[in-house]
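Chain lettering (A, B, C and D) follows the sequence in which the chains are written, and residue indices restart at 1 in each chain.
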Amino acid sequence: MHVTIENAGAAIKAAIEKAKAIDTFMCVAVVDSGADLKAFHRMDDAWVGSIDIAIKKAKTAVFFGMPTGEIGKLSQPGGPLFGIEHSNGGLITFPGGLPIVDKDGVMIGAIGVSGSSVDNDHTVATAGAKALGTWELPAHPWRT
Amino acid sequence: MHVTIENAGAAIKAAIEKAKAIDTFMCVAVVDSGADLKAFHRMDDAWVGSIDIAIKKAKTAVFFGMPTGEIGKLSQPGGPLFGIEHSNGGLITFPGGLPIVDKDGVMIGAIGVSGSSVDNDHTVATAGAKALGTWELPAHPWRT
Amino acid sequence: MHVTIENAGAAIKAAIEKAKAIDTFMCVAVVDSGADLKAFHRMDDAWVGSIDIAIKKAKTAVFFGMPTGEIGKLSQPGGPLFGIEHSNGGLITFPGGLPIVDKDGVMIGAIGVSGSSVDNDHTVATAGAKALGTWELPAHPWRT
Amino acid sequence: MHVTIENAGAAIKAAIEKAKAIDTFMCVAVVDSGADLKAFHRMDDAWVGSIDIAIKKAKTAVFFGMPTGEIGKLSQPGGPLFGIEHSNGGLITFPGGLPIVDKDGVMIGAIGVSGSSVDNDHTVATAGAKALGTWELPAHPWRT
């Protein structure tokens, strides 16, 4: 099951409203459950380097069904997933990417945000994901 | 000078309206004059393979300041640009990508469309580009 | 909706039986509707170079919801899709890749076969796809 | 000497049985001694991001003839192989990849597993490798 373009638009709209509310300039990407890009929005004055990061955060979140920051905790030097960023054409494993889970507990896609501090990125991603349900993923197994 | 997100939104809106009017399912990408992604929209039921093609068409159009189909005429076997598709991380040189030129004749970005026949792709891209001005680029040199 | 591993196993089994029946040595790949690899099987003595081709054929077929050979007819020099192979990390556009469509007309994935003549590759891919339904895709739109 | 498809099937079967026994959803890849993919199996509900990781673990294990986790010990910051993950199109150097060594001490391929904790990945890879012999590699040099 995949995020629809209506879903993606609603998530981006909520994310951009939050970005403006906290006075930031963000790139926001939404991917479907196959990690393929559904919609993207770069605010004026957002960093050009954030384009790729926002998209990679969204992909990373859906690749493993968890917030990107959770993966980053495990991929530090000495951690169990050190170096995982080298997979799948490049991952981004700091906060700002969140799975999007619908009311039935199905992961339908993910949102990735980049453009400010990772705290701000996470805040904006959360606003986007919550517009469609919650980013709290149910325990495995889930349908993809 | 770069396309704004308001510009990009208007171009995508016009393109999607045209896509629906001719009963197609399109991916639409808008890049700025630096060939960096500004906004992207994948209609439900559009081909997954069209994501990358729409983005590459937009990039190709702005890379060389001309419609993608014009480059394709020159990149045929025996032509002066044969094999140019191997540059810049991959070009797409058939119709569906157009520079976006504002009222002052400045190329501010480009639009790329993929999802149907190349004629339909071109039609939809034209609708998008015209929402912001015209895709007819003035003679070299131009400001970017 | 995605091909299950049971589906993928059945398609590969049917493909391999056909490959043996016509005395060939094949690589067979099955991807889901998001173009992500589900299962892969390389027969002993199959060409090493066919690994990537089989996978790319399967991806190409699902990217555009049509047999790879149909795309190849359009991507010849002078054709409307000349150079499309440069997209999506590399396409293979000669025969041997087929969408897998279930009884309800939903494209659930694709199969790609490489290792012999393109006629043989197509024959083996057809045997695999038919094990799950038919590779005749209904007219747009279809659910993915 | 290369793993046969019969070998690969037996290794994957044993790995999947173990994966089910410990209630996990795995991707399992088997490569031959040339690091070329022989067989791949993605269980339903396994992470999409694990496809590439399982394949890269198998390749990494055969590239250097040792368990991936052993390489990871050497590639930490300050270690002798820091950054080795940048080679060969991307390595994965945490546990879950093991060489497959036959009864005569010949490395005939490798198995890579991804989809759960690295401990579970390693457990499942071990079950797969042991189906064909042992993953304990004899001292250098060995035949490939």
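Brief remarks on what is shown
To be clear about the criterion, contacts are C-beta pairs under 8 Å (C-beta built on N, C-alpha and C of every residue); 3 or more make two chains touch, one makes a residue touch a chain.
Everything numeric here is computed off the predicted structure, so don't read it as measured data.
Different-residue interface: subunit A and subunit D share under half of the residue numbers found at their contact. If you average the Cα atoms of subunit B and of subunit D, the two centres end up 43 Å apart. Centroid to centroid, with C-alpha atoms defining each point, subunit A and subunit B lie 27 Å apart. Centre to centre, using the average C-alpha position, subunit A and subunit C are separated by 31 Å. Residue positions 48 of subunit D each touch two or more of the other chains. If you draw each protein chain as a dot and join the dots that touch, the picture is not a line, a loop, a star, or fully joined; it has some other shape.
Taken together, the chains touch in the following pairs: A-B, A-C, A-D, B-C, C-D. The touching residues of subunit B, counted against subunit C in their complex, run 25, 45, 47-50, 52-53, 56, 72, 75-77, 85-86, 90-95, 117-118.
Residues 33-35, 60, 62-65, 77-78, 80-84, 86-89, 91, 140-144 of subunit C touch subunit B in their complex.
Listed in rising order, the residues of subunit D touching subunit C in the complex are 4-5, 34, 36-44, 48, 51. For subunit A in complex with subunit C, the residues that touch the partner chain are 2, 32-36, 144.
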